[in-house]
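To keep things simple, chains are lettered A, B, C, D and E as they appear, and every chain counts its residues starting from 1.
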Amino acid sequence: MVGSPVLFVAIPLLTAFLIPLFAYIWKELVRIIPGIVILYLLVLSVSLYGQVLREGTIVEQIAGWAPPWGINLVFSPFTGLLSTLMLFMAFIIWMYSYRFKNIDFEPSKKYFILLLMLVTGSIGIVLTGDIFNQFVFIEIMSISGYGLTAFYVGRDSAEASFKYLIMGSISSMFLLLAIILIYSQLGTLNMADIASKAHLMKPEFKILALIFFILGLGIEAEIFPLNGWAPDVYSQAPGPIGAAFSGIVVKAGIYALIRVIYTLFDVEGSLQFLVIIGMITLIIAEMAAIRQDKIKRMLAYSSIGQMGLVLVAFGIGTHEGVFAALFLMVSHALIKPLLFLSGSYLVFNSTEKSIKELNGLGKFMPLTSFLFALGAIAIVGLPPLSGFWAKWSVLTAAANSGMLLVIGLVLAISIVEIVYYFRVVNRIYFFKKEESVVPKIPTINAKFAMVILAVIIVAIGFYPDLITSYLHEASETLLDKGNYIQNILSVAQQVTQ
Amino acid sequence: MINDKNSQKIVDHIHNFARKHSLWVLAYGTGCGAIEIPPTMTSRYDAERLGVRGAATPRQADLLLITGYLTTKTLKRVIRVYEQMQDPKYVIGFGSCTINGGMYYDSYNTINALDRYLPVDVYINGCMPRPEAVIAGFTKLQELITAGKADGAAKYKEKLEWYRKNQKNVIPNWTMPEYNW
Amino acid sequence: MESLLYSILGVLVSLILAFTVGMTYMGLSRKITARIQNRIGPPFYQNFIDAMKLYSKSTGIHHGVMHHLGPAFIMVTSVMSLMIIPILNDSAFFTNMNFHGDLIFLLYIMTFGPLGMALGAGQTGNPNSAIGVTRGLSQMVGFEIPWVMAIIALMIRYDTSSIVDIMNIQADAGRWIMFSSPFTFIAALLAMLGMFRYSPFDIVGAPTELASGPMSENGGKYLFTMMSSSSIFAFAKLTLYVNLFMGGADNLLVLIIKTFALYMVPLLYGTVSPRYRTEQAVRYFWGWPSFFGLLAILYAVFF
Amino acid sequence: MNSIVIIFLIFLAGAVLTYIGQRLSNILGSSLFLLTIFAATAQFYLRVNTGDIFSFSLNGLEMEWGITPISWLFSLIVLGLGSMAAVYSISAMKAKERLGYFYFNFIMGIFSMMGILLSRDLVSFFIFWEIMTWSSYMIVIYEGRSVQKVGIKYFLFSAIGAYAMLMAIVIIYSQVHSVLIEDLVYSFSSFTLAYKIWLPILLLTGFGVKAGMMPLHVWAPGAYSHSPMAYSSLFSGALSKMGVYGMVLVFSMLITQIPEHLLIREVIAWLGALTAAIGTLWAIAQDDAKKLLAYSSVAQLGYIITGVAVGTELAMLAAIFLAVLHALFKGTLFMVVGAIEKQTGTTNLTEVTGLIRKMPWTFIAALMSIIALAGIPPLGGFVGKWMLYEALIASDHYILVVLIFFASTAGFLYCYKFLFGFFLGQEEKEWAHVKEAPATMVVPMLIFSVLLFVLGTFPGLLLKPIDIGMQELGYAASEGHYWTMSVLFNEYGNAIMLQPILYAIIAIFLFFLVFLTAKAFKGTRYVSTKDISSSGEVPGEFENLSFKENFFQPFLRAVEPVMKRQIDWYYTLVGNGMEALFNFVRRVYTGNGQTYAIYAIVFLVILLLLKSNLFG
Amino acid sequence: MKENKVKLAKYLKEHFPAIIEKDYNYNRIDFSINRELVPSVLRLLKEESGYIHLSHISCVDWLEEEEFELVFIIWSPVDKIKILIHTRIDRNNPVMDNIDKIWRQANTYEREIKEMYGIEFTGLEAADEFLLEDWNGMPPMRRDFDTAAYASNKYYNRPGREDAMDVREEIARHSGEEIPDFAKKYSR
């Protein structure tokens, strides 16, 4: 055993609180330490993941309490995959935001503290096996999210943050309600335990709890119509944070929702509900995206749409569907941050952050523009990039379940997607530059971060088998609910023995 | 054998016969004579029975018909048209204006004698000549062709300098291409 | 070997025949027009005299290679069409170089000439020529529609695309296609009005409007070649019509009678008609003639 | 390593190296560019045999690359035209910017087309298809801002087609559990009827976009006319043939397996013929040579589509024959336009005149390809059209014949407009300085002209490989029945000997040429086009006597009702409607926190109300 | 008709007190005015009174009075009245205001008058030659231009016209009309 899953939560939290202290030693440490921590966690996660794949799921109990009562962390092929992905993204974002906009000492301290907490929260959501604990992590994530959204001083970011806060508090309220309902019925908070006892619940309560969960988690997972906060937050937060939201936070939200629907309850019709709500989210978001004139808002709507597609894929419910959903998540987690990262350099010096100001930057920022174009081509699903394989998986999964209408709608919406992405790309390359815009060449670390993402996208595009086996393993794990319960509860038995 | 003088004579004879009976007219409709052409060609006088037929462009025409007074401005065009016609070609001057200026003898911008500027094969007298006279003119020209005397084009080439001098005399700004065939 | 010799001889003879007959028809047409207009008119051999004169005229100039090639293009078309069309029924050498000639091939070889002439006319640089060419091509698009409909109707009806076969079928049945497929004949006949370019479809030459259009820069030998090729072509077309619709001809006299009778149609129609404008002409062909063509096809399919 | 993979590697490495090389030096880039294409061509023809197979598996899908006779045939178009266009583009693109970008996409274009031809499975087919789309899109927008609308249009329609195709592929995969084309063909007969109808339709939509089939052709005129001419020849000549290739596969493999009474063949054939007719009419109305050729390409592809759709042996033979010839003559014509654009700086037919004496070789190439395009014997176009007519009549498509014949006759109008506009007419002082294009541009054109002539005289040369390819597709061997070396037999057993006809034409031609020139050869001289009968007026030096504007006005007036509205107009209508809808939907996101909170509550209420409907 | 003419005269008098009116029968009315005011009068008539049609511009050479008279003929399709505006300009310095901004077609008439009488229209934009080609002598329509002398000087005169009678004298003798002095020099 290389390390314990507990470290994923403990270390970044600890670091986050210690950063002010490090700052007294050497100011640069504020920037360096988070990177080292994330890198360490990434290495840890990868090695743990390898181990998990070989030996099976790791269940870690905290403070020695056995699972039904105590808090436990589950590092399965599924959660491991997500946590590795998140840490990787966190690392990329750290690399990118190192000296982003030459953030001063004081703000940078806050920035990295909040970033670390955001990562902690997200990973915690994924790893935890306790439903109340998950609520706590959601709160951690949300609060750091509020902070990061309002990072820039200004009316707009404050407003966005406030919107997020309103929605976040609604979310927390309903989550708590759901948890209370479950606890009142079953007397347990452990997910595995709930799952094994779910059939004991009264159906009305079960459905009510599910609805509360959907409402609460749906806000984090950005399903329609609960996603109104997202575009504001994405566009007002600093660029890398937009990337973090789309690459990390949303994934955590989706994970929580999926966990509830797949593992906790086996309510009939919930999968169809996922398909329907996912389609609606996808269609409305893409339609809204085409009419945006600010680049980050456009990306935000696009991100929401993609999440809708992920939900659709999960809603298919078959192994292929889950596989497709995971593929889409991974692919989206790679591409959308690339778009956010390169996009935020493209509008670095502009005041409006509107698409118009991207005109003609292709000549002045060749690499950034190229990476943005690559991301755009990848996200609309053009081969030979990773987006194509993700879309292909979703479509085949849908086809195998006979959902032809879904295929048709998804493809039709993809055309809308093409229109707005190519409008932007054309502007970048073929329009005359606006006089007022001063191009900003990215720092070397930012370039490096973006290039890594691009290389992975291209590599997966040419050879998708790089990741497919992991995804298959992960989807297997998610679907195998009995195994999950057994894994956790057997730990409990070991302890009691 | 072909270049034999006698056989050439026969060939000329046949050619002249054909030329005589097939006069394609380019009627340059200046002045009042232009109105005399339609009756000449249509059913009352029917010049077509003589083989006379209208031609649309100088390239196709054999016979240039100057139907009245020529202003200096028109003369320029007429000379151009004449020079564009293909050999053999003939000119008929029509009405007294082409002969001595007629009633426009003292006009500041009409020429008085056409044969100073173009080689006229036949003049038709009158102001205006009636269609009968016109047909008589055609017949006269046919006779000349048969006799081989309708050699205006050859004369023009021969005395080109003299004609040019006269033409340039009345056309001060000579911007025309040279006559070269 | 002998048959080849015969056919080459046949081609030469039929060329001379076509030239003579075509020229005479043209001359006669002038005479007839004159009589209708209450004139005496030129003698019927007038066109031979004109041709002779044109041949004797000097041809001093050309406007470039394509101008020079233009008349040759037209001549090739006329001679090729004549070569493919059999002149007489079951004749040893008057079948010409007919290789069970394909009607579609004929359709296309007949367009070779106008395009060649159009190129020639184009290079003269005379705007009138170009206008004439555009009119001619437009009109061609017009009359080709009923014409091709008629031909397709024939091909459907008799399951062949060979002129000789069609002639034999008529001989066997003892009935002219003109009577057995009246719609086909009407469509083809109306298309023929456009093909001969007499009034009201003489928009190409239109001497008073366009100064004889595509021919305006051609004199002397060029005009001679054009004139003789149009005579040959006229004869070829008439023979084709006779072959297709009037049962062909057993000897030359019958052929001349039939072709002359057919020739009267566009000629007489022309003498009493004013000139159409281009779009009117084009629309005319897409109106009733095409309707008859459609009827012909339907008739051929269903009966 | 498998030789197919080596070809692909040559292309990929060549593309990247050319891009880098062009950055370093012009000569290096150009030579690498040529080297790549010729190396790959040589590799293909020397090392790859029909029947070579390369199988591998990707993402759990069994894939296969290999070559069949029919794809070998189409590869002739791609590589032949590709290599010639490459030679041409060296001079044509000289002194242009972003050459590396151009070369890269050019190579990627050829690479993807070869990929399409070599794919034996649907997924790699689709992947190469998309590479083809974006690489060509990149070149379409090469000119910059002015063409970005055109580019979007092109990409949008390509995407519609591609996604229709993807949907079909996905459904096929779910049904067959394999993406190999042969498996599809094998199990297609066991599909349900709905799938049997919809799958071909979806696939045909995809191919129809690239082939410029009627309601989907609207991208074509803009895209063909706005890419650099060196690429347009490839674009119209080869790239559009990929759509034809796909259609050939669909029609010969899938549509043969569905009942005839479903009329898919008829509908597509009619669409093809309408494409031909409407495309021709619009070509006549154009004043810009590029646009004219673009519409003409649409029209010509209409014939090919009709032939493929009718799908009898002769029709298919004719269509593929025409496809190859179209690549030859349309490729040449676009090259001609490119040469003229390079030498004069414009392609407007109303501006340029009288180039025949300045660019004689270009003129000869243009003349030959125009004659072939118009389908006049003795050049190759006639053979193809002849076979097409025979096939249509033999398969009882009479009205289609009339429609296509109309298109083909009306085609003369724009053919003449093209030749007259550029080469004939008045020789203006403005263009007195124009010189013949460089040799590297002229030679490819002339090579194609000679090929056109050879194929018109000896169509058997091309019909033989087509026949072999069609046998692979399940058609009966037609050798000896439809063609021998130069004699064509039609459905009724009648024969046309092309060689004697050709010789006769040449003989008569020469005879009259001699007749016209021999005697008065000394007397006949060239005179300038200013020396015309213009009512005696002497045209001034800069006086323009050309007849150019409203060239076919009377004809267009006659067909006005058909041309009142372009199909674009309807698309614009739909597009505007969509935009309005999007605008409306966007208002859902008000940007107001309270509203969002209300949404959440409303959502909750709806869920609670509908909970019995939604959840078991 | 009559009332309209009176009204018109009154109207013009109001605006241009210097204008002199002369009434003719039926639908014609003449006005005379000095040349500076002509464009204003014309513009007023065109834009206010509906005289939208310029029929002609004519010129009279008053050799003895050393003046040219220009006549502008305009017409109203509503009132059906024809107005002739006369103006006189100095023959030695013949300059007139250009009115082709008011009526485009005036351009043609002005070019003709310029060539034939040598009257300059200020700001007239036109090609150099209109009716006469390569003419650089005295404008031929001026009455002091001796066309017979010019013709006999420039063109070859075929002999044989000498016996031609002077028709003018014969006519004068018959009608009792006197030949004016300036015309006498043309008599043979």
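Everything below uses one rule, namely that a residue touches a chain if its C-beta (ideal position, glycine included) is under 8 Å from a C-beta of that chain, and two chains touch if they have at least 3 such contacts.
Everything quoted here is computed from the prediction, not taken from an experiment.
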item	value
Third chains touching both subunit C and subunit A	D
Pieces of the assembly after leaving out subunit E, positions unchanged	one piece
Chain whose Cα centroid lies nearest the overall Cα centroid	D
Relative to subunit A, chain with the most remote C-alpha centre	B
Pair joined by more contacting C-beta pairs (B-D or B-E)	B-E
Distance from subunit B to subunit A - Cα centre to Cα centre, in angstrom	98
Whole-Å gap between the CA centroids of subunit D and subunit E	69
Computed distance of Cα centres, subunit D from subunit C, in Å	36
Multi-chain contact residues (two or more partners), subunit C	58-61, 211, 216-217
Shared interface positions of subunit B, touching two or more other chains	57, 59, 76, 181
Every chain pair meeting the contact rule	A-D, B-C, B-D, B-E, C-D
Complex interface listing, subunit C residues touching subunit B	30, 34, 37-43, 46, 49-50, 52-53, 56-61, 207, 210-212, 215-220, 223
Contact footprint of subunit B on subunit D as seen in their complex	523, 525, 531, 533, 535-538
Subunit E partner contacts - residues on subunit B that touch it in the complex	72-73, 76, 99-101, 105-113, 116, 166, 169-173
Subunit E residues within the subunit B interface of the complex	132-134, 136, 140, 145, 147-148, 150-152, 154-158, 160-161
Subunit D contact footprint on subunit B (complex, rising order)	28, 57-59, 76-81, 84, 175-177, 181
